[in-house]
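By written order: A, B, C and D. Residues from 1 in each chain.
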Amino acid sequence: MAELTSRQGGRVAVRKPQVYAWVQDYGVYAAVLALLLFNVLFTPHFLDASNFRTQLVQVTPIVIVSLGMALVIGTQGIDLSVGSVMALAAALTVLYLGYGWLPALIVAVIGGAVVGAAGGALVAYVGVQPIVATLALLVGVRGLANVLVPQLVEFRNPGLIALGSSSVAGIPVIVLIAAALTVIVLFVVRRTTFGRQVVAIGGNRSASELSGLPVKRVLLTVYVISGLLAALAGVLATARLQASDPTSLGLFIELSAITAVVVGGTPLTGGRIRVLSTVMGALLMQLLAATLIKHNLPQSWTQMVQAVIILAAVYATRKRGTR
Amino acid sequence: EEPQAAPAATGTAGQQVVQSPSGSAGPTCTLQQFGGTKFDLKTAVVGFSQSEKEANPFRIAETKSIKDEAAKLGITNLKVTNAQSQFSKQITDVQQLIAQGVQLLVIAPLNSDGWEPVLQQAAAKKIPIITVDRKINAKACSDYLTFIGSDFYEQGKRAADRMIEALGGKGKVAILLGAPGNNVTTERTNGFKDRVKEKAPGITISFEQTGEFAREKGQQVTEQLIQSNPDINGIYAENDEMALGAVTALKGAGKEPGTIKIVSVDGTRSAVQGIADGWLYAVIESNPRFGPLAFETAQKFLDGAAIPDKVIISDRDYTGENAKDSLGEAY
Amino acid sequence: MNREQTSRLLQQHGAVMVLGLLVIVGSLAFDSFATPANAASVVVSSSFLAIIAIGMTFVIISGGIDLSVGSLFVLGGVLAAYGSRHGLLAALLLPLAVCGIVGLLQGLVIARTGMAPFIVTLAGLLGVRGLMLAISDEGATTYLVEDRTFAALGQNELLGLSYPVYVTIALALAAMVLLQRTGFGQNVYAIGGNEQAAALMGVPVARTKVYVYVMSGLLAGLAGALNAARLSSGVTILGIGLELDAIAAVVIGGTLLTGGAGGISGSVAGVLLLGVIQSIINQVGSLTSAFQQVVSGAFLALVVVAQRLLSKAQRLT
Amino acid sequence: MEAVLEAKGISKRFPGVLALDDVSLALRPGEVHALVGENGAGKSTLIKVFTGVYRPDGGELRYQGGPAAFATPMEAQRAGIQTIYQEVNLVPMMSVARNLLLGREPRGRFGVIDAAAMYGEAERVLAGYGVETDVRRPLRTLGVGAQQMVALARAVSVDARVVIMDEPTSSLEPREVETLFGVIRKLRERGIAVMYVSHRLDELYQVCDRVTVLRDGRLAHTGPLAELDRLKLISLMLGRDLNEVRSDGLTSFSRDHAGEPHGNGQAPVVEARGLTRRHVLDGVDVSVRPGEVVGLGGLLGAGRTETAKAIVGALPLDGGQVLVAGAPLRAGSTAAAIRAGVSLLPEDRKAEGIIPTLSVRENIALAALPALGRAGVVSEAKIDRVVEIFMRRLRIKAASPHQLVSELSGGNQQKVLLARWLAVRPKVLLLDEPTRGIDVGAKAEVQALIDELAEEGLGVLLISSDLEELVEGADRILVLREGAVVGELSGDEVTEERIMATIAEQADG
C-alpha cells in the first residue's frame, strides 16, 4: 500500500507546489541574478574583474560570520556576540603580532573560541536564552577588546598584510579561505552526525534529549564554532585594513549575518540549515549595498531600499503554511 | 617596524592656542553676571562628561589632557563619565554628576541640541558649564558659561581651500561624510561645499557617502568609489580615519601616491605621517587638548575676570611643507 | 505543588530581587548613590525605555520580537518636535499616528505572510531610520520644540519626578490589567504559548498579533515624543541599539523569548536594573569607557544567570 | 431527517498526497456518527476541513441547510461546531483554568476578568470530568490523559450544535472513557450531532449509531453501525476480504500466560530499584528479563510515564538507581541508557517524539546515527538501508522517505518513532502507549512486532491504557498507584478483572 501512495504521490508531486518549492529554495539566487543584471545595465564599469574582486573581498567577513550564525540559528539560537568577537580577534592579533602573524592568528581564533564557549555554556548548561547570553557578550567583549587595544593600531607585518591583500590566480586569498570554509561547513551540515544532531536539536530539543543526543555538548560546540569563525573573520578583516580597529570593526555585523542567513531561507525557528543560500544571502546584501553606494544614494534612501529588498527576498523564500 | 600606536603628544607640544584676536570681541561673562559663587578649584568636585569612547586619537587625547591638567593643578576630585556615543546616556551621566554635587562641569557634547533638562538643573544650582569641542545651542553666561573649541564650518572651508589648491580649481571631488545626523558632519560638509561653490565653480562634487568616521568604512566606500568613478581627482574625508581608510583602498587598487588628492580634518599622527609619505595632500587640524585652556578659563572666571562667550582655538594646517617637522606635535 | 508556586513567583520576581540587592549594594558602596537626586535621575531616564519595554513585553509574550522600536523612538522624537510647530495636539498625534501605522504595517506583514517577526522588524529598523533621516535631511536639521505646553509635558516635575515617570507608571498599570485581566491579554499568552492550538481554540491569532505590534509602535513613538519634549528638540542621533536594551530588560524581567510566559512588572524591574548598573558605574567615576563596557557586560551576564538560577526550579516540574 | 452538517464531494490535496478524494458525509442532529479508517485514511483531514482549518480543494460544505465555508476555526466555533483534536491542542504554559475558559472567562466589574470566579468555575467543571487538580497549575504539569479531559470539558461546556471528537479516548482510562460516554449520551439527548473518531472498535459499538468508513481518502462505506459486525467493518477499513481478516484474527498477541513464564530464571536485563521523586514516584522497583514483556498498569497520573522516564534517566530523581545487566547506569543521562541498550518510546508523540522539521528518513535514523556512520561522518547508504527496512516492516505510509514527518498522519508518526527505536537494536524497550492512535491493522502489526521482538530476546516494558492490550501482551503486570507499585500479577492472574480489582482495593484500602 505504501508503494501505491508513493507512486500516486510521485504523480501528484509534479504540480504547482513544486514551483513554490523552487522559488522557496532558489529565490535568493534569482534575486542576486536580478541585481547583477540591473548593475550590468545601469552601473558603469560593473563588469570589470576588479569590481567582482572588490565585492567578494568586502563580503568575505560577513560570509564567514554567517556560516557560524547559520549553525547557531539551526539550533533555534542566535549569536549577537560575533561583531565583538571580531573586535577581540583584531585586538589579540595585533597584540601577538610580535611572534609572527600565524601565532597571532591562532591566539585570536582561540580567543574567539573561548568567547563562543562562554556563550555556549550560558545557553547549554545554565539555560540562559541565547539572545541575552550573547547580548551580554556583545557588550562585554567589545569592551574587553578596547581594554586590550584602546585605539586603532597600524601594523607593517608583511605576512599579515599579504594575507589580506595577495591573491592566487587572480582570486584574493581571503576569498579562497571563505570558499573553503563554506565547503567545510556544507560538509559538516550535510554529511556528519554532528550536523544532523544540530538540526534535530533545533527542531525539537526534548525529543532529541530522549533520543540520547548529546544536546548540551552539541549546543556548546555550535557556539564555539560560531566564535571561532567570527574570530577568523576578524583577523582577515584586520589583515585587509592593515590596522587593528577594535572600536568599530564588526559593529552591527550580527544583524547583517542574521539577515544573510534568513534571506537565505533558514528559518529562525531552527531545525533547518541552508549553507549555500546563506552565502547567497550575504552576496545579495553586499551587492545591494554596493549598488546603492555606486549610485550615490543618500543614507536615508539606502536604508529604506535595503528594508524593502530584505522583506521582498524573505517573502519569496518564506515557508507557506498548508491551507 | 612592528605595531606602534600613535602616542598622544607629551608636554606642551601641540598646545592649544587661542585664536587672536581672542574672544575679547564678542560679549563676555563674569562671576557676578553668571550669579555663581567663588570656590577653590583644587578642593572642588569637578565633572567631565565625555561623549564618545576613548577609542580614537581625538577622544583619547581630549580625555587625557583634561585628566592630566586636573592632576597638574592638584584637582583631586575629578569625576569622569563616558556616554559611549549614546546621547540619552550623556544627559543622564551629566545629571548624575550634578547629583554627585559637582561644582564645575566640563562637557564634550555628543550633540548640540537637547540639553535643556541638564541646563535647567545646572542653572538651578548655579554650576558653571564649559563645553569643549562642540557647541551647545543655548545662551552663554546663563545656560552655560562658555564654549572652547574649533569652528567646524571653518575647518570645512579651509579643507576646501586646500582641495582647490590641490586640484588647481577644477576636477571631480568625492566626500567621505562622517556619521549621519552628527553636527560635525553637517558643518564640515557645509563649510566645504559653500567654499567650493564660491571659490571654484570648476570643481564638481560628484559623490558623497558616509564612512561613519571609521577607517574600515572609509576603505570600503572608497573601493566602491574608485571602481565605478575612476575619473575622480580628489577625496575630502571629514576625519583622518576615513582618509587613511581611503589610502588603504588606493594602495589596494595599485594607485600611486598623490594621483588622487586627499584632504582631511583632525591632524592625527598617522594622518600627518600620511602627508609625509605623499598619500595625503593636507590635513586641517582640530586640536583636542582642551585641558589647560578649560581649567585656565575656569580659574580666570572664578577669579572674577571676564570670560568671552566662546573661545575659538586656532587650528593649523598640516601640508607637505610642515608635515615632517610637526609630526611630534600631532596627536 | 507549593515549591512550584514559589518557584513561579521567583521566575516572575527574580529581577525585582536582584534589583533590590543591587540597590542595597550601591547604597552601601557610595554615599552619593541613594540620594534623591541620583534616584530621580535613574528613574526619569529609565522611564522612556520602560515605556518601550512595556510594548516589547506584549510582543515577546505573543512569541514575536520588535527590533524597530529604537528607530521608532528617534522618529517619534523628530516628528513630535516637527509637529510642535503646529501646537500640542500635532506634537502628540503626528508621532503616534506615524509610529502606529508602521506598527500596523509590520503587524499585518507578520500576521498575514507568516514571515519571521525578527526579520520583518529588522527591515523596520532600517526603513524607519531611513525615513527619519529623510525628513531631517540626512539628520542635518534638528527641529526644536516650539510649543511650551508640550515641552512642559516632558520637563515639569511633580514631587521631584518629571511627568514621563507618572505616564510610565500609569501605562505599566494599564498594561498589567490588559495582560492579566482581559480577553486580549489571554489571547496574547495563548498565541505565544502555542499558536496552532490557540487558533484551534478560536483565538483571533492574526488580529491579536497586529494589535500587539501596533501597541509596540505606538508606545515607542510616545516614548520618543516625551523624550523630545524633555530635550525640547528632535535629536536625530538617538535610539541606536535601544531595541537590544529593551529586549534585555524584558528577558531579565523573566519573560520567555519563546513566548507564552512573562509579565510587565518584571520588565519594568529589568529596565531599572539596567539604569542602576549604569548609575553605579558612574558613581565609580574613574573607569575608562572600555572598562565600563566590560563591567556592564559582566553585570548583564551576572543578572541573567542569577535570574535564571532563581527560576531554575520551575523547569523541572 | 435533515442533516445539520454535510460534506459533498470534498477533496483535499497536500504536497505529495491526495488526502481526501470526493468524500461525502452527512451528520444528523442527535446522532453519534463514527468516522473510521486506517491511519492516514483522511479522518483528521476531513475534520479539519469541516472546522475551517483547511480549505477544501473541491466539493461543498453545508451547515444547517445553508452552504458553509469557515475561514477559521473560530468561525466554525462561533457557528456552533466544537472540536477535540487528535493531538491535544491546548496551551501548555497557561494555567488549566485559563485553558479551559479561554475566550469566555467570567467577567467582573468593568468587564475585567474575575480571577476568583474563573478558578472556581474551572474547578467545578473539571470535577465533573474526574480531574482533581490545582487549576492554577500550568496545563503542562498534567498528564496527557488529564489534558485530554480538559480539552473535552472545554469543547462541550459551550453550547454546540455539532461536537467532533478525533480519537478522544486514545489516552483515557476505562473510568474516564465511561465519563466520556456519559457526556456523549447527554449530548445526543440534547439533539446535538456528535462525530466520533476512534480506532477502538468496541467503543464504537457502545455509543455510535451510524458509521462512515474512509480508505485512502475515499469513501468506502456509510450506514447504520448495527448493520456491520466487527469483521465486516475491519475488512471495509483495510480493504481486504472477510476471510483474510478472519484468518489473521484480531489481537495479534500469541503469548501463553499458562506454563513457563518468559525469560524465567534468567537475570534481568534492566532492574530499577527504589525510584523516588517527590510528589511523583515513591520507591518503585521494576525489573525486566530478556524476552519478557512487563506491563505497567494503573490510573491516569499513577506515574507510569514517570517510571519509564526515570529508567532512561530523563527524569531527575531524588533517589533510586537503575542497573543494566547488573551494572549501574549513570544517573540522568539518556545517552548512557541508550548506549546500554535501554530505550523509551515516549508517550507524547508531538512534544517528545517527532522532529517536525525533519523528514521521515532523518527521524528514523536519528537515534542510530552514531552507528550509521564512521568517524562522525554518516553513511547515506546505511541510513537508506535501515530506513527502507523499517518503513517496510512497519508499513509506514508516506509519499516518500523524504516527506516531512509532520505531514504524516498521527498513526504513521507513531510508527516512525517505533522505527527510530528499533533501529538502535535495544536490549530493553520501554513503550509508553505504543498503540495510542494506531488503527486496528497497524495495532495488530505493532503487537505482533512486540511479540516477535520478545521472542528474539528483547525485554519490553509495556505501558498501555488499553487493558485488553496489557493483558494480552504482558507476561507480568505491575500495578501502580500514586507513584508506588501496589501489586504484581503474573501467570493466570493477568486478567482485566484482577488489574481493576488491584487498583480498586488499593483505592479503597
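In this section, contacts are C-beta pairs under 8 Å (C-beta built on N, C-alpha and C of every residue); 3 or more make two chains touch, one makes a residue touch a chain.
The model shown is predicted, which means the values in this text are computed figures rather than measured ones.
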Tell me, which chains sit next to both chain B and chain C?
A
Note, CA centroid farthest from chain D's centroid sits on chain B
Whole-Å distance, C-alpha centre of chain A to that of chain C, is 29
Take the average of all CA coordinates in chain A, do the same for chain D, and state the distance between these two points in whole angstrom.
42
Using CA atom averages as chain centres, what separation in Å is found between chain A and chain B?
36
Using Cα averages as centroids, what's the distance between chain B and chain D in whole Å?
72
Residues of chain A that touch two or more other chains: which are they?
146, 150, 267, 299
For chain B, jot down the residues that touch at least 2 other chains.
53-55, 180
Per-residue overlap in chain D, given as positions that touch at least 2 other chains:
none
Identify every two-chain combination in which the chains touch.
A-B, A-C, A-D, B-C, C-D
Contact residues on chain C for chain B in the complex?
32, 35, 37-38, 40-42, 44-45, 48, 133, 136, 138-140, 142, 144, 151, 155, 162, 227, 230-233, 235-238, 240-241, 275, 278-279, 282-283, 285-286, 288-290, 292-293
Within the complex, which stretch of chain C touches chain D?
1, 4-5, 177, 180-183, 186-187, 189-190, 193-194, 196-204, 260-261, 316-317
Can you list the chain A residues touching chain C in their complex?
80, 122, 126-129, 131-133, 135-147, 150, 255, 258-259, 262-263, 267-269, 298-308, 310-311, 314-315, 318-321
Interface with chain B, chain A side, in the complex: residues 43-46, 48, 50-51, 54, 57-58, 94-95, 97-98, 146, 150-157, 165, 237, 240-249, 251, 290, 293-294, 296, 299
List of chain C residues in touch with chain A within their complex:
109, 113-116, 118-120, 122-124, 126-127, 129-134, 138, 244, 247-248, 251-252, 256-258, 288-298, 300-301, 304-305, 308-309, 312, 315
